[in-house]
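Paired with chain B in one complex and with chain C in the other, chain A is shared by the two complexes that follow.
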Partner chain A sequence: MFFRRAGIRHTRYQSERQIWPLPFDRRLAILLFLFALAAPFLLDRLHLVGYLLPWIIWSTAALGLNFLMGGAGQIHLGYGALIGIGAYTTVHMTRAGMPFEIALIGGGLLSAAVGIVFGATALRVKGIYLAMATLAMQYIVDFVIVQFPAISGGTQAALTVPRVRFLGIPVVGDLPSYYVALAVCVIVTLFMLNVKRSSFGRALAAVREKDYAAAVIGVNTFRFKLTAFWVSSFIAGVVGGVLAVCYYRTISPDQFHLELSIQLVAMVIVGGLGSVLGSFFGAALIMFAPIVINQLIGSLAVALGLAISADLRAHLPLMLYGALIIGFLLWEPLGLAKIYANIRNYFLVWPFRHARH
Partner chain B sequence: MDWLLVAELAINGIFIGLMYALVAAGIVLIYKTSGIANLAQGALAMTGGYAAWAFTALVGLPVWLAIPIALVVMFIFGSLLERFALRRMVGQPIIMVIMLTLGLEIMLRGVLPGFFGAAVKKLDIGISPSPLFLGDIFINKATLIGGCISLGLILLAILFFNSRLGVIMRAVSDDQTASWSVGIKVERAIAIAWGLAAVMATTAGVLWGATQGIDWSLSLLLIKALAIAILGGLDSLPGVLIAGVVVGLAESLATGILDPIVGGGTRDVVASVIIVLTLLIRPYGLFGREHIERV
Partner chain C sequence: MERRTFLTGTAAAALMSQMPIRIAAAQDKVIKFAMPQDFTKVYTFVTAEYNQGQRDYISLVNARGGINGYQIVADVSDHGNDQPRAIEAYERAKAGGAVLIDPLSTPVARALVPRALEDKINLITAFSGRSDAADGSVFPYVLPLSPNYWTQAALLIDHFKQKDGGSLQGKKICFVHIDTPFGKEPLPILEKLAEKEGYELVAFPYTPPGNDQSAIWPQVRRARPDWTMFWGAGVGQTVALTEAIRNGLPMDRVSSSVWLSESDMDVVGAAAATGVLKVEPCVSGREPKLIQDILKEVVGPGKGAGPENKVGTAYYNYGVMLAAIMVEGVRKAFEKAPDGPITGEWLNAGLTSISNFEAEGLIPPTTVTPEDHQGGGKARIAHWDGSKFAPDSDFFTANQDVVWEEIKKSSAVFKETGK
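Up next, the complex of A and B:
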């Protein structure tokens, strides 16, 4: 079939250590990248702005969270708050007249600074305690954003993003917004793909599996946990900036509440802990499943003449997030990425199943 | 400063804190036996509230009958949760188990308001709304009664740990493998712990439902319960009582005194601040046992 591994012999270590050792995967990746580049000209506006753009942004966010949860094994229930910090910092910096590029980095840095403070509690405690520390952080950041009018522009008020330029190109309209989001997404994806192959990624993996054991073999767990928090929070901040400027354009505190953190955690778990591809899958499923099912139920109700209450439909996304998290944890803990890998491995040597290793 | 106001806030805060502590006691119970922090405890309280409401409003039972039935149903529900969800996760990393309980929380928060309607449900358990006056101090009767019931239940739980079943549970919490090898049914002990936690959550849900009505916001009890459980030490029931009073006091005083200064909203953040401070200063809480990890 498509995936034949036949005839591929690695004669050098470099060729085996490539990100995509199989030519098919390489071609697929290039094809997808080209499609992403050409998407604004292939898709109509609804699909581009309504689906593709948010998907790219949420996938980037899921990647950042996956770096922490899947890569370093640290749980984080306040990722939405970090995104919020990044968004507000970026918007305030651009409103103050700073260039967008610097504002984006500034948002990332402030997010990282706050994230590392709460991550520091992770150095003394872990597991459940860490979950609670980050949960508490979510509430505290929410409170600070809402209660200080200097940040939020008042409780009810929303902050509008001014016109900004990215590398000299004004970010107005759909096209530049999409490309800015895509650029950030590509950079984060490349980072995530490569970090696992570096000594940094391996050290994180050691910390994730058993931090005491990692310390025994000479990995400075303190440093690596803190760095993992820093990097992940930085990505959250940058994503927040992109989200505010390219997608929301007007931000208000309720966009960054606990619901967002829950969605992101669901994306990571459903997609697959520690998997780059999984983050994209997870983001897609968590984003689009409620929409699809809602429409399905709506049309079913019309077709069958059933009365489905507005409450039920309003709470459908929550039910679905919960059910997806539970279902995947119970039946496929490694998420959609594992399902994809299983199918791929099956076809890799199809129809010679005995050749699989 | 108006000392009368402070006294009033303090007294009401203590009873509210005791009502929070009832939710926290369930978390402690589960943590003690199985080492899992149950993030679904708030949702369990909400489910219990909805169950009691459903038996009165939908089935039409009188309140005094509906509540015991709800308690029994929730006990079964709790132990079934353990049997069919948590037990399958044995041996998985703790991060997965926590996420599972979080998933439960999210799902319950969607399912119950989704099917029963999101509007606030009234649950009348026969406490008159008229306040109680102690001298010039105004005391909310519902929280007073609720706090006393919570206190009684938590004391009962402490006593329970001295009974035969309680000793079994302590053994399980000490070392699951060792208890297994001396013939203790570890799974059953954990299932009972989940059932009892669900019962406590239901009581809390009913008591809170009687004061503020039943809707999804009952699941917000989770964050206060977590604050109490962490401050008291995740494996200490007496700690829950003391921490409950502390958190209730802090919250009540903060709401009364800080709110006018910062412009509202402190009620929700006090619990979070307590969590962070506890973790920074004394991660294992006031009475918790320090967890020693070996490679």
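Up next, the complex of A and C:
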């Protein structure tokens, strides 16, 4: 119906290899991008700052983690700590008077440096053992941040982010914050879309499927595993800087605890391992389902005059939230992105029922 | 029901839930208080009791005709101690025209400070948040309205001193605390007072969340303290108290902050914990007139916000205390500017002109000024007598010079780097 494939003739290799060969997909992507650009003028502040801004930041983080988990097949339970390293580095560097752009890169570099050290365990251990190693990293980083007042910011353990400028524009208020976050999100998204088509991405896929098989066909697993951790941690660090400057504006250690890491792993798994679109879907579901269900129950209770106790009122959304995640994973274990792909496949061959492949 | 109908129905309902704020905001003669609090994650029953007290008091005020004909609307939601959710709730409250927000969570309160200062919405950080927010000249829109942790520690030290005949010279005080910024907060005050009073301070940190402290307390026992303070929240408190009892510390020489309640005693064993001390910012129990009024006019007719047996518990009364101070702020604001407009600035003027307010005997005389957002730093020390908390002292304040030195030092750092 929407996806008209009739009459599309690829006469050059480039045109067939483009990210979105179908015009509909291309137009949808452009439309969404234009919407994201115009969002500050279309949405009110509540939806811009309360929903869209955290969504793009968390999606960027989920993309970075998805690169490691979906792309290179390495589990990471300490991604929140890497984001924390980036956030603290960026804030301390800007407080020391360095430009924000440099601080952002600095946060990424320090995060990558720490990430690669712990990632090195991936050379020796796999699966659940790697999960334990990265979990250890989460706790070590938490501990270091809390134990050194010089890092966490004195007795109140809250560091205020100074006013910074990005490419000469002061990052004050909602608009510049949103565009900085969007810019980083777009860059990371483009990287993720393209990395799979590069030799680097294919090498990672080989490592993901079976590392010694990859070694047999001549892929240097040592190099590619470490690079995967480096890149993923670098993205985490940059996201941390964006998170601190554009969204939180005050950082404290509890923002980067294990909850954040688990939340991100959940986003990647619910969204779909290795899927770019899935990272966005997963972030939206994990972040906003509790809020929306809460409001739904609240307004239902008011509208129907239900006398439910405050305890049940508070916990019912949690039950529904859990059921929702399990429900989605039962419906489609490959994640939300796969649900989207199924719908797309359905329309690709509509009005027929099945695609040939 | 077909799956498609179900899905579209749910989606429509989810969208509809975004609507009501605009309708509510359009109503006249309403003052909105936003109370996104943590009902599900860390503070759980603390929040439930605190919030119940707040809502019951607000129901009482509304049932009596409100303030100046205005009804107070308490918009309660759950932020689960999760900052993105709290920021969403804050933005929602702001969009809905709320003039005050009370998140009752230290991490959330700390994160909301820059927003509240910028948007001029009164951020209430009772028993939570930044201790240095007591300095109103640096934090005009952040109002603790209650003795902060530094004051609580300072009051306890003064109480110990009174009990030991006016001197702590050569005494040993053990401070057992959760190893988080919150737990370490009183340390600078305790260290300073140790210099001044001549006692020896020994600190024992335990790892968060504190559900296993069995390694720490035998060390405390071996240190043979004259006084012990334990400082934590949630599960850590009951575990600490259980371990203190198990290690045979004399209960009447063990104390905690404001975070100890009847519910904790049920967990620990009400009889075993007899004697343990706590800081009381307000009168507990059902005797105060306001609690009696609530029982008669709100709970009696079946309009109570929660189970009746929680009325008059420690945290319930904290909730009534804070709601009473907030409503007194509204009253003062109407005195200053009867015609409004009802904004955060308007309420702030009211809140910072509260003077000698006692909430009909529930709280110590509280004076909030544009400089002092703590409200005077008065509280009393109470002990558990096996069935309820009984006061050991009158409401008093002490060592405020040391506390304010620390507040000024910390707020100066914020002022310097915050903008």
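Following the convention adopted for this analysis, the second predicted complex is superposed on the first by the 317 of 357 C-alpha atoms of A that agree within 3 Å, B and C clash if a C-alpha of one lies under 4 Å from a C-alpha of the other, contacts with A are read in each partner's own complex, and residues count from 1 in each chain.
Following the convention adopted for this analysis, a residue touches a chain if its C-beta (ideal position, glycine included) is under 8 Å from a C-beta of that chain, and two chains touch if they have at least 3 such contacts.
The structure displayed is predicted, hence computed values, not measured ones.
Novice: In the overlaid three-chain picture, which partner chain does A:Ile262 touch, first (chain B) or second (chain C), both, or neither?
Specialist: first
Novice: Could you say whether A:Thr121 touches chain B, chain C, both of them, or neither, answering first, second, both or neither?
Specialist: Only chain B; A:Thr121 stays clear of chain C.
Novice: After superposition on the shared chain, which partner residues are touched by A:Lys210: those of chain B (first), chain C (second), both, or neither?
Specialist: first
Novice: Identify the partner contact of A:Val146: answer first if only chain B is touched, second if only chain C is, both if each is, neither if none is.
Specialist: In the superposition, A:Val146 touches chain B and chain C alike.
Novice: Taking the superposition on A as described, I'd like to know which of chain B and chain C A:Tyr129 touches: first, second, both or neither.
Specialist: It touches chain B, and chain C stays clear.
Novice: For A:Phe35 in the superposed arrangement: first (chain B), second (chain C), both or neither?
Specialist: So A:Phe35 meets neither chain B nor chain C here.
Novice: What is the contact status of A:Met137 with respect to chain B (first) and chain C (second): first, second, both, or neither?
Specialist: A:Met137: touches chain B, not chain C.
Novice: Check whether A:Leu318 is in contact with chain B, with chain C, with both or with neither, and answer first, second, both or neither.
Specialist: In the superposition, A:Leu318 touches chain B and chain C alike.
Novice: Quick one: classify A:Pro290 as touching chain B (first), chain C (second), both or neither.
Specialist: A:Pro290: touches chain C, not chain B.
Novice: Shared contact residues on chain A for chain B and chain C?
Specialist: The overlap between the chain B and chain C interfaces on chain A comprises residues 146, 309, 311, 314-315, 317-318.
Novice: Looking at the complex, which residues from chain A come into contact with chain C?
Specialist: 44-46, 49-51, 54, 58, 95, 146, 152, 154-158, 160-163, 247-250, 252-255, 259, 287, 290-292, 294-296, 298-300, 302, 309-311, 314-315, 317-318
Novice: Touching residues of chain A toward chain B in the complex: what are they?
Specialist: 69, 73, 75, 77, 118, 121, 124-125, 127-129, 131-133, 135-140, 143, 146-147, 210, 212-213, 216, 262, 265-266, 269, 309, 311-312, 314-326, 329-330, 333
Novice: Spell out the part of chain C that touches chain A in their complex, as residue ranges.
Specialist: Result: residues 13-14, 16-18, 20, 39-40, 48, 51-52, 76-78, 80, 82-85, 87-88, 91-92, 94-95, 107, 110-111, 113-115, 130-132, 179-181, 184-185, 187-188, 305-307, 406, 410, 413-414, 417-419 of chain C touch chain A.
Novice: Where on chain B does chain A make contact in their complex?
Specialist: Touching chain A: residues 31, 36-37, 39, 85, 88-89, 92-96, 98-100, 102-111, 113-115, 117-119, 223, 226-227, 230, 234, 262-266, 268-269, 271-273, 275-276, 279-280, 283, 293-295 of chain B.
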